[in-house]
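Written out below as structure tokens is the structure these notes cover.
As written, the chains take the letters A, B and C, and residue 1 is the first residue of each chain.
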Amino acid sequence: MTFDEKTRTKIGFTIAAWLVGLVIFFPILWTVLTSFKTEAQAIASPPLFLGFDWTLDNYFEVQERSNYFRHFANSVVISVGSTVLGLLIAIPAAWAMAFVPRKRTKDVLMWMLSTKMLPPVGVLIPIYLLFRDTGLLDTLTGLVLVLTLINLPIIIWMLYTYFKEIPGEILEASRMDGATLWSEIVHVLTPMAVPGIASTLLLNVILAWNEAFWTLNLTAAAAAPLTAFIASYSSPEGLFYAKLSAASTMAIAPILIMGWFSQKQLVRGLTFGAVK
Amino acid sequence: MATGHSRVAARIMISPAVLLLLGWMIVPLSMTLYFSFLNYNLLMPGVHEWIGFTNYEFFLTDPAFFAALGNTLLLVGGVLVITIFGGIGLAILLDQPMWGQGIVRILVIAPFFVMPTVSALVWKNMFMNPVNGLFAHAAKFLGLAPFDFLAQAPLFSIILIVAWQWLPFATLILLTALQSLDRDQIEAANMDGARKWSRFFYIVLPHMSRAITVVILIQTIFLLSIFAEILVTTNGGPGNASTNITFLVYAQSLLQFDVGSGSAGGIVAVILANIVAVFLMRMIGKNLEA
Amino acid sequence: MGSINLHNVTKKFDDVEVIPPLDLDINEGEFVVFVGPSGCGKSTLLRMIAGLEDLTSGSIEIDGQDVSAVPPARRGLAMVFQSYALYPHMSVRKNIAFPLKMAGLDQAEIDRKVDGAAKVLNLDAYMDRRPGQLSGGQRQRVAIGRAIVRAPKAFLFDEPLSNLDAALRVNMRLEISELHHTLSTTMVYVTHDQVEAMTMADKIVVLHAGRIEQVGSPLELYRNPANKFVAGFIGSPKMNFLSGAEAKKRGAHTIGVRPEHVTLSRESGMLKGKVGVAEHLGSDTFFHVAVDGEDLLTVRTEGEFDIKHGDTVYLSAEEDRIHRFAEDGRTIQ
């Protein structure tokens, strides 16, 4: 079988790209595979790729020994909680900036984005002390508050860009049709903005789930989400690779799936419109 | 469209966000500023006297600070080099005709969605561990002595881990920019007799220059604050070999309980980040139409 | 019901005054057209009547009531937008029902009125489709249906036909005029197309840089334009303007004569010129004639006229068809 040049280049690139892709993806693949091995097989030399006894023991052990699901639930609560809270604050703000633009609107938006660029370490101490003194340390409430604040600029920004794509005339038409501001937002704007709101929601859940500064510094045992729980494996006892793999696989699986759907949102949300 | 009514409504709707962010900016930051001028150590309660710039003097003349500063620059620079060059390469590769491009994209994008503590620990234990890690197995297979990555080259190892995490981000952004290039320009260049490398340097690269700049600026802002990866792998060590400014401030504040000194360090970190932020804001501003 | 009065209305955007003090009276049941070039303020004026823009000063009355501070939802007006502004996530039925739902009518009443509007506009077959599945003309009708169903005091149209292709535009023009005859409701219509203005209006308001140049019936504006701007804007093709010897002879700075009022002769006439491009439309022919010292003149003849590019030709016009303009543009009576 001989191919023409075009097909040959295509084959070449396909092989190259798949090779590169698999190399980059390999650590994740290896983690998932290792999660099904026994601890002994996990450190076997030479390393076992597929030829091992598949077992689910690690998954059970992780839950039994360290109450994995409590930490999983914590992650869910803070991700969803900060996203919902963020949306409640951001939707009206984005509406105002997208549909009633003033001379200052651009400056306000840029200022909001700039608050995201504050290095967290610059406010670590006051927040830590404040939380300690108000009993918010190691609480889900405290984490939700902080995560909402650090991601609010991105939520507002993303909603703003989605709202700007909605023709203002449609909202004006609803006003002419007798809609109050509340009706306008509930019956006309929100249904039209559902895809945008969903995208923003997705991206923010991902960002909050993976946040690894405040979740590490403001929690101890009670409110520790998965980021902190996994961090406890940095000084483990005995053989633990398989258990680490199981815990990690469970921790990253939901986000990998969500991430697959949110590539476009990532570009939109994290480059602040500087790249189209 | 703006009437008096809608203007009033808009002001009310935007105020919660503005007030919250204003509070978030001003309150803790001014507290940090205030603390930085005090002799404040949590181990010595009740002692908070004003000592002016002493904390700054100590922080900035501490050899640990210079080490941390250097490490920060190396960390940011190293990751940038790997992700930008790697990102451009990957973007161009993914833009070529091939089968299964969608799946390759998923494979390449995945590391960005892995939480930092997981990726750091997976790399530390399952790849870089000198006894049981895959790199050690590979070295033994080739008859070489295993290399203890995190002990012998801690900063380099962390650069590797962080670069692995951020490569997808750069690739995605640069791929988006690359795909926005008008095919007509390339065809016109072909008609003008340009060959592959010339096309790349004179048309593709300039078109992507803006996206590259954005990637550099945004990544820098986030890379200045690398924390989790250092915490779970080397804890800043050995010594200060893998401590960056963020970790140094953390260590002084929450491990040594030196609030005064840590606050000074925090302010220094803020100033550094601001320098980058100014450039980033200018780029964003140019593109923003209000 | 449906009279609209504007008193001393002005509009500033930031510090730029786009509409200097303006008075206008629109009578019950009139079809009034705001016409003018882009940027003349006609849409702004319409939106101020609708309540979508605030007045900088002055007042607007609807049926004698001052509505200057009343929000658009409560002015009792309906608007048809250039982009139709239909709700993309609602079916045609729900789109038309929306204003009634906002008014709090019960479902039976809403259904009755929606069906009524659908019948008038031939939308029965599309009631369950979404706007995205309709053609331009159908969407236009849904927009009109949404406006009709509220039985407003007046309809406001903001360049509704600009997005349609030429053939459809002609049809919709007729439909809207028919609608006006059926409903007898006041209609305020904005367009930049003077053909639409001439064919649909009872009264035309010609706007230029925020000022009203003239208000009158189509024929009034055609026969007695108040100034050079109106004379040049109304009528297609544009009126010919001469500012040389012929103007001075008649004591004017500029004179104007419409292409349809100029006669061609190969033997003699007022002006001598050389024929340039000819446009043959079948029913008419338009010749562009170059005359010394003047801009290119357009002349209309019926049918065919045997003349070739480059031939010499003579132009004449009846005196009472020649308009005289002073230096500031005003018509000299």
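We take it that a contact is a pair of C-beta atoms (placed from the backbone, for glycine too) under 8 Å apart; a residue touches a chain by one contact, two chains touch by 3 or more.
Everything numeric here is computed off the predicted structure, so don't read it as measured data.
Here the chain at the heart of the structure, going by C-alpha means, is A. Two chain pairs, A-C and A-B, are weighed by contacting C-beta pairs, with A-B ahead. One finds 59 Å separating the Cα centroids of subunit B and subunit C.
We define each chain's centre as the mean of its Cα atoms; on that basis subunit A and subunit C are separated by 54 Å. Distance from the subunit A centre to the subunit B centre is 16 Å, each centre being the mean of its Cα atoms.
The set of subunit B residues touching two or more other chains comprises 1-2. Across the assembly, subunit A contributes residues 172 that each touch 2 or more other chains. In subunit C, the residues that touch at least two other chains are 51-52, 71. The residues of subunit C lying in touch with subunit A in their complex are 14, 50-52, 71-74, 77-79, 81-83, 85-89, 98-99, 102-103, 146, 150. Contact residues of subunit B toward subunit A in the complex are 1-2, 6-7, 9-11, 13-14, 16-18, 20-21, 24-25, 27-29, 31-32, 35, 90, 93-94, 96-101, 103-119, 121-127, 131-132, 134, 137, 140-141, 164, 167-169, 172-173, 176-177, 180, 210-211, 214-215, 218, 221, 224-225, 227-228, 231-233, 245-246, 249-250, 253-254, 259, 262-263, 265-267, 269-270, 272-274, 276-277, 280-281, 283-285, 287-290. On the side of subunit B, the complex with subunit C involves touching residues 1-5.
Interface of subunit C with subunit B (complex): residues 47, 51-54, 71.
Residues 6, 9-10, 13-14, 16-18, 20-22, 24-25, 27-28, 30-31, 34, 43, 45-47, 89-90, 92-93, 95-97, 99-102, 105-106, 108-115, 117-130, 149, 152-153, 156, 168, 172, 181, 206, 209-210, 212-213, 216-217, 226-228, 230-231, 233-234, 240-241, 244-245, 248, 251-252, 255-256, 258-260, 263, 266-267, 270-276 of subunit A touch subunit B in their complex.
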